[in-house]
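The two complexes that follow have chain A in common; it is paired with chain B in the first and with chain C in the second.
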Partner chain A sequence: MELEAKHISFQYGSDSRQILNDFSLKLTQKERVGLIAPSGFGKTTFCKILAGYEKPDQGEILLDGRPLAEYKGYCPVQMIWQHPEHLVNPRLRMREVLAEGDHLEGRIVEGLGIEPDWLNRYPAELSGGELQRFCIARALGERTRFILADEISTMLDLITQSQIWSFLVQETRQRGIGLLAVSHNLPLLQQVCTRVEDLEQRD
Partner chain B sequence: MRRINGRERTVLWFGGALLFLALITIGGRFLAEKAMVTDFSRKNLAPCPAYLFGTDWMGRDMFVRTLTGLSMSIRIGFLAAGVSALLALILGTASAVMGRAVDSVITWIIDLVMGIPHILLLILISYACGKGFKGVVIGVSLTHWTSLARLIRGEVLQLKEAAYIKAAGKLGMSRFKTAWKHMVPHLLPQFLVGLILLFPHAILHEASITFLGFGLSPEQPAIGVILSESMQYLAMGKWWLALFPGLLLAGTAALFDVAGESLRKLLDPGSAHR
Partner chain C sequence: MTAERQGMDKDTMKKNIILEIQNLSVSFQQYGRGFAMTDLDVIRDLNVTVHEGEIVAAVGSSGSGKSLLAHGILGILPYNASLGGRILYEGEELTQKRKEELRGNEIVLVPQSVAFLDPLMKIGPQIRKGKKDPGSRKKLDEIFEGYHLKQEVQDLYPFELSGGMNRRVLVSTAMMGNPRLVIADEPTPGLHMNMVRRVMSHFRELADQGAGVLLITHDLEQALETADRVVVFYAGTTVEDADVKDFGAEETLRHPYSQALWRALPQNGFQFITGTQPYVKDMPKGCPFAPRCERCREDCKGEIPYREIRGGKVRCLHTE
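Let's turn to the complex of A and B:
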């Protein structure tokens, strides 16, 4: 499969700044692409558009040549967000959060270092890093073809960062999942990705 | 003896309040026959061990009459608050999910109902529906749903925009399942607490319009009827005719408030830790 963003333009409201201007990007299932840019250059916005959370003002998102919006039900493009605490319902136990994933294998849960004891807790009883592992696991369901990782490791210590990234790289490579990694951290992207794009210079 | 913690104390308050209210409701229902008995050999007795609340000018036992009246009030409150809360749930949700046009119509109705003084609207509706049990229930139901509807509308609007609900959509969760899994756990506590906190309003308003003569008919043993009749005898020094029924009415309303507030504390884990 191939995920393509074609000539995307976007701004929040008509009188605000043009955040994305005629931006295009192509991503295959074999690639791990890094996207780098300073704050406020629309990295998160681009991920939201690419995953179908926002509609671009101009341009389109194609998955194998078909508009992404035409894929009903489970979306093959899954986004992992920067702030996991907003992505889990505070009134559901973590067991239910994992159950939202699409046929998750035990291997994924173990690989991300999720302790069995955490499953019975509520989100407020876990740290940000622990919550993020659940969000990553949930996004790695059976029908996922592309992962958009938006600053997913900024709140983690270095050891945990390397643990999570090496799992994610191994998992996506093994299953043929395309990865778009967004970060401020160029050395990290160079380590993880097959190529790195700069959103600022393409603008 | 082990000291009980805050949460257990709240459970006790909630259980105690519910038990007491249930006793009044059921007790009053069984005493209904007795409340009608007149006996002129015991009229105008001041409170004494045999007649705790005294007797009136027809020799009716005021304790029994009060219980029966309260029981009636609680049953009216139950029906009216239930209908009202259901109305609030339906209209509040519809307002939040059915688009702009529906939303503006419903918020306009909410503002309209809230803008007119409660008691005035209540009297008008009750009168138009022919007073009595039916008039009171319809009147109270149609005037008390607004603030809960507003609360539910706000909650649903907020939930709709929540990131975890949008993510659930991307994970292929159906709209019905999303509503059940993600929205109901947030809405149910609001709804239950709102429902219980509607009770005291419903009961007090029932008593007030009956007192003013626009509610239940005079032959029914209602608190409002008892209070308005006792007005004529207050000046003659028969203070017990109004004092005890009035106190018990206020106490009942307060107990419902206690029950609602304790339930809120129990269902909202954050407040239980305080």
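Let's turn to the complex of A and C:
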């Protein structure tokens, strides 16, 4: 499969700043692409558009040549966000948070180091690093084909960061899931990705 | 460990110690079933010293007790917390009364989130602490300009700010006065690298003017870029106190956990150790890192002294 962003332009409301301007990017299921871009480029917005959360003003998102919006049901493109504490329902136990995603193999929960005891807790009873493990697991459902990781380890300590990335790389490689990793940390992207697009150096 | 330096003439010391924290502990009283109460020891044995003109980074993952340290120094722990050990400020015991006198003046906090601001007070007056004289106004205008905050921001309420603006406003609070001690609790997440550098250079300026800065962060890379010394936290304990230079190589570090952090840096191999930091409730006896440590032996279950090695300090029995 191939995920393609074609000539994407976007701004929030007509009186605000243009953030994405005719931006294109292509990635295949075999790739892990790193994206570095200057502040205000619209990296998070770009991920949201790629995952179908926002509609671009111009341009289109194609999955295997077909507009992403035409895919019904579970979205094969899943996004993982920077702040996990804002992305879990505070009133659900973690077991139910996981169930919001697609069918999940036990192997994934285990591989991410999620302790069985954590499943019975509420989000407020877990640390950021622990919550992020759940958010990653939730995004790795059976029908996921692409993962967009938007600064997913900025808030984590080094050891958790390394644990989580090593699992994600192994899992996406094994299942043939394409990965887009957004970060400002070049050494990290060089470790994780098969190719790095550095837009800070481009112009 | 008694503080003999209290009696010492300050001028004879090379650099004055502003803040000295000795074996600090924090425990929370919790209700169990019915009226049964239990004490939860969240922090045990924290040791941190900050000299004047120095930036000390306290580095640890979430749950290692970093924020509680800040709240303990300022006397803003919740009512069910109790504090053990000693905190000395300028050589004298920092009592609750003294904390209340000094905080906001000599000791300032750059808090972790805008939840620390008064939601019903506009940003400008809040940061100026109600002062309306031209000097204060001018100073705030200059600080805001330096952080690319428009003057209109002063007329907004905290909830009207974006994430990045929040951060910059919080940092501005510390720049307003002439603090002796700045405690910055995760001041930069969510900020762009250029802005992070700017914030850090302001901390450096404050330090150069003689203040001590305690930078609390989970980000070792940022700490290494900014600080003079790094104190490593693990599960509520300080495990190592090292010069920034010591992080240049694995061998110059002392504690196995600091060394594991070093190896986990992407540029140093991106290796990880398995497992997670233990919870307070199932904290092992003795060294908290023992279950994940390859150097762990039988004696690690006992008392571990904080000892000096190679110009730094470490809480480990099996390191030279």
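Note that in this section the second predicted complex is superposed on the first by the 198 of 203 C-alpha atoms of A that agree within 3 Å, B and C clash if a C-alpha of one lies under 4 Å from a C-alpha of the other, contacts with A are read in each partner's own complex, and residues count from 1 in each chain.
Keep this in mind: a residue touches a chain if its C-beta (ideal position, glycine included) is under 8 Å from a C-beta of that chain, and two chains touch if they have at least 3 such contacts.
Bear in mind that the values here come from a model prediction, so they are computed numbers and not experimental data.
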When the two structures are overlaid on chain A, which partner does A:59 contact: first (chain B), second (chain C), both, or neither? neither
Scan A:51 for contacts with chain B and chain C and give back first, second, both or neither. first
Between chain B (first) and chain C (second), which does A:74 come into contact with in this model arrangement: first, second, both, or neither? first
Go through the superposed model and pick first if A:100 touches only chain B, second if only chain C, both, or neither. first
Quick one: is A:191 in contact with chain B, with chain C, with both, or with neither? Answer first, second, both or neither. second
Considering only the defined contacts, which chain A positions touch chain C in the complex? 39, 82, 113, 115, 127-130, 154-163, 165-166, 184-185, 187-188, 190-191
Which residues of chain C touch chain A in the complex? 60-63, 189-190, 192-195, 218, 220-221, 260-261, 264-267, 270-276
Touching residues of chain B toward chain A in the complex: what are they? 162-168, 170-173, 181-182, 185-186
Contact set on chain A toward chain B in their complex: 51-53, 73-75, 78-79, 81, 86-89, 91-92, 96, 100-102, 138, 141
